[in-house]
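Each chain carries a letter (A, B and C) given by its place in the written order, and its residues are counted from 1.
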Amino acid sequence: MAVLDIRNLIYWYRTRRGAVHAVDNISFKLEQGETIAVVGESGCGKTSTANAILRLLPKNVERYEGEIWFDGQDIMALGNEDFRKQVRWKGISMVLQGALNALNPTVRAGAQVAEPLIVHYDVDRDEAMEQAIAAMKRVGLPQDIARRYPHELSGGMKQRVVIAMALILKPKVVILDEPTSALDVMTQTNIINLLKEMKAAEGLSYIFITHDLGLASDLADHVAIMYAGEIDEIGPADHVFVHPKHPYTGRLLASVPRLRSEDAPEFIPGAPPDLTRPPPGCRFHLRCPVAFEKCGWVAEEFVDRLRLLQATTQGKEGFPRFSEVEARGTQMVVLRADSDSPETLAASFSEFVKSGRETNPFLKSVRSVDAKTKAVAVTLHEGAPPPLIGEEWRAACWLVQEATAHDTIPA
Amino acid sequence: MKAVDDVTLSIKRGETEAIVGESGCGKTTLGRSVIRLLEPTDGQLLYGGQDITHRREKELIWLRRKAQMIPQDPYSSVNPAFSVFRIIEEPLIIHGFKDPDERREAVYKALENVKLNPPEFFAQKYPHMLSGGQRQRVAVARAMILNPEFILADEPVSMLDASVRISILKLLRSIQGRFRISFLYITHDLATAKHFSDRIGIMYAGKLAEEGAVGDVLREPLHPYTMALMKAIPDPDPANRHSLREALPGEPPNLVDPPSGCHFHPRCPIAKAGLCDVVDPEFRELRPGHWVACHLAQ
Amino acid sequence: MAAPVPIGLKAALLDAVRTKSGMVGTGMLGFLILLAILVPVFAPYDVIKAWGGTDAWQDNPKLAAPEWSEVFSGGKHLPRTIFLTPAGTPGGFLKFRTTENVSDGKGNWNNFTFLGLKKTFGFQADDFPSEMTVYLNTMFTQAGNLSKPPAISVIFQRPDNKNLTLLDDTPRLSTTDINRFPNTKSNAYAVSQPIKDTPSYKILDNLREWLIANNVTTRAEAYDPQFYVQPEVLLFAQLDRSMLSKSTAHVLKGDYSLRIELVGFENTDDANARGIVFGTVFGLAGTDDARHDLLVGLLWGAPVALAFGTAGALVVVLIQMILGAISGWYGGAVDELVQRAADFYLIIPTLPILILISLLYRPSIVAILFILVAFGIVGSTTKVVRSIVLQVKEEQFIEAARSYGAKKTRILFRYILPRVMPYTFALIALTVPAFIFLEASLSFLGLGDPVLPTWGHTLGLAYNNGALFYGFWWWIVFPVVGIIFATIAFALLGYAFDKVLNPRLREQ
């Protein structure tokens, strides 16, 4: 049975510009003794996912719903006080991003490790210190470190102190939020090795949040690729790293500069979308090289793209000569020309769409081009968000068919 | 503190030299010294044959035009109070380009060169309206505006997302090809150094451990530190999780009081007592164009 | 996700004003500024120039509470000031005058003037007036030793017809007036407190006799030194023994008249009269012991405090900012010099020195400002700005600027100071209250500008006159409210700035 089962978790928060859809309906399971890596670019909602699981929420929460099954109960249903007592740190703990810089500079390392014990179990100081020293031993820190202050410790040691703090209450699940991002390569490797050893020895389950696919592969049994608040692809590491199904996963893997391969890294053009207004359809379609009709293009995006193309390819041969372009509703774009008649413009635009489809995927969304009396009406295909399909290995992309979802898992 | 200790390095025109090392190894200090933002205590700095080691700021105006830098942090690399146009125009004003039309043209050209299209659109923006990658592009455009020969890029992409990182490095590479600029690329990331530079220098505790053409150094690393560094960095591969990764124990030394002999010997897996902890290894050309500072390298 | 720290003065201003405290602070400051603009229109500076004198204020009641405080008097109708205007003005005294030539039988003709002035007024209040004054102008012949002053009687008529003669008198002359003809002499007869050369003892004696005649008191009691005559109570009280004490006396409501009769010995003699029955409440802010309308002083306090506070804070903070920036940016010996100077200035006891200077020279408000600026060339702002500059200095675009050859002065003035400006604005807003307080403190001690009725000045006078002890709350409350209002307005603005610029103070 899964130790943690997250179903349809939603977590939005309000900002001045609107609600940020930080975590938008994600589900995944974590088995005992396994690690799931949550990977994505910054701002994709991976840290928000961690905060949502541990209910570390700011005041400006807009939506916070879903089910989180842990230890046979839905911990979303618990009251805040019960959650704090039963779940946070005791059941699920966390190594926060940059936590090594958040250690209290005036408290000795040992006392900081012991703090959760005192808070949760009200044990006396001596016993708490004893247990703290034991926990510090588990993460490879010698006893005398307990008496030192944080500024006397190196980055690697501090990170071990933070990990000892997360482990002191013997939680079943540890969320690791970029646990090595502030560390040097060598220290980072040492920490990852430590986490690996602890996982093997103690059957810990990790949720490993990182932007680094290389690091993710060092620890992950399962991988969830997040993009714009959603999971695009989730499955066993052996499959996802090797034969990614989702174009985003593929591009992300291709963007990693590798030490052991001569393949030049390739970047993903464009930037992740604004999560206060996530794009309709597949959220990746604006950057996707293989996006097509169904991916959810809307008129506004189409107009933006067309204008950008017009600005960058000014006056080039074959570019249709329109003077005005505007969105009408979500699926219609209207073009006007100064000199050409609507019929000529419609013809040249159709030609342009046909020849430019491959280099500019947004042109694939054109369903019809009709010449009206004064303007040209371009109708776009209706799209929809792709469902996350598959059993153990799932991907949310219209190019991944239900029938092929199972076939592609190599034996 | 000996932040940089006895480093010898030469960078050719149109070449990218990567300096790779952990934080505190002195790579940033080295970079600052090279373009004379810091004055070295000892040694010699030659730029195009001219000695710039101890020149006063007034005598370095020509260098300030030929050598530029791209800082690390996209949140502070460009002046947040200036518009993009003003940021890029500033070096031109300082170097006495009087004609505003000429300046505007140059700024727009630079924006086009760094692929901030259309330039008119980006020129009027302020840094806080831009993404981290776009800000670094502005920093690149600013470094490009005076047609420099040499650019110091100090961890220009370390704070950016992986994909954006690649796009900026590709941009720098293409600019280098077009304008024959020399880059000193300072980074902690061996993998990007591999893909985006010609030569590579591995720094450890204020000294160069190894230096050579990228292919040579990474195919046949001669220094045990380089070998350890290469082993410590994972490529995305699901097989990684089944084994522990080889890593050096301990931490880099404190440069106020560095270890005797080879700075690396306390962590070195092959160090020889009586030699490595006593004698400072010479930085020698073991293979043609491939230098190393290790007694035991062969 | 917290919004980014705004860059530049304009953005910071806009952001600060949008916060709650910023909005309230701006509103309050706006009100003060509006006041500062409108006050000189409604109460021109001339009024303030006359503040030190008594002439402009003598028609106001003394130490009167604000009119609206009647609300708290338990339904009592408190007396307003009643003006008995001279004959010849609408509603003024009625005047009858005849002249007559009478022979003394020896062939001498005497020219007599008989003159009567009468004014009836209703008194319906539930409390006694605070004072009553009658001004009498008489015109009579005065030549050499031949002095023929007229005989005057002032008669007070009560609704119960128990009338009494307040005064039988012949106006005296001062020597300087002797040779003037026709001579005009004004005598003020204050029925309660003396204002000028008033033969008030005569009035008091007349009151005693009146009490005796009406069997309120015995002669022995009336002339006992312990016997306290309160004319303003006796004149307006119901006639019985309870009238002897203000606390037991009952107001006699109804129509009163003041009658003045004159017999002159030339047919050119003439007279006119004016009277004031002072109330116990006045205007919106009451009056002080010198009969000043406190509202005028209070309103004038706003522009003075605003101008003094902002001018002082602006100059001091800007000087300190520039020195602090120079100190932080150039470092080395300059830094050392500025910082040690700042340390020195910080330990100088400014207030005692200021008190000393004020005692010796009684400086004007502008001079005080200059002294304060002189004592604030370096100080805490220098240190704050230096620390901000040390931070900005580390920003990488500064290093990049050095790499493309920007000179140090250019970096300081074009790159660093604009970054510091919003913080400086916050510091100015937070410093203004300090200056307002300082001015108030000096004025309170009686060492401020001797002419301007600043809030501190008013407060100091109130304190020295025991306003707190006697319960003249309005004399204290309003200037205090003024100081607090102005202080809070700026403090809120400063706080709003701080909140915008200091991410740690920001709410999610």
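Basically, a residue touches a chain if its C-beta (ideal position, glycine included) is under 8 Å from a C-beta of that chain, and two chains touch if they have at least 3 such contacts.
Just so we're clear, the structure is a prediction, and the values are computed from it rather than from any experiment.
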*Closest chain to global C-alpha mean, per-chain Cα centroids*: A
*Most extensive contact between chains (C-beta pair count)*: A-B
_Distance between the centres, which are taken as Cα means, of chain C and chain A, whole angstrom_ = 69
*Interchain centroid distance [CA atoms averaged], chain A/chain B, Å*: 30
*Distance between the centres, which are taken as Cα means, of chain C and chain B, whole angstrom*: 72
*Indicate the residues of chain C shared as contacts by at least two other chains.*
none
*Residue numbers on chain A that touch chain B, as the complex places them*: 35, 41-42, 154, 156, 184-190, 192-193, 196-197, 211-221, 236-238, 240-242, 251-253, 255-261, 264-269, 271, 308, 311-312
_Complex contacts: residues of chain B adjacent to chain C_ = 32, 35, 37, 60-61, 64-65, 67-73, 76-81, 87, 90-91, 94-95, 126-128, 139, 142-143, 146, 152
_Complex interface listing, chain B residues touching chain A_ = 22-23, 117-118, 121, 131, 133, 161-167, 170, 188-192, 194-196, 218, 228-230, 232-238, 240-241, 244-249, 251-252
_Under the definition above, what is the set of chain C residues touching chain B in their complex?_
4, 7-8, 395-397, 399-407, 410, 415, 418-419
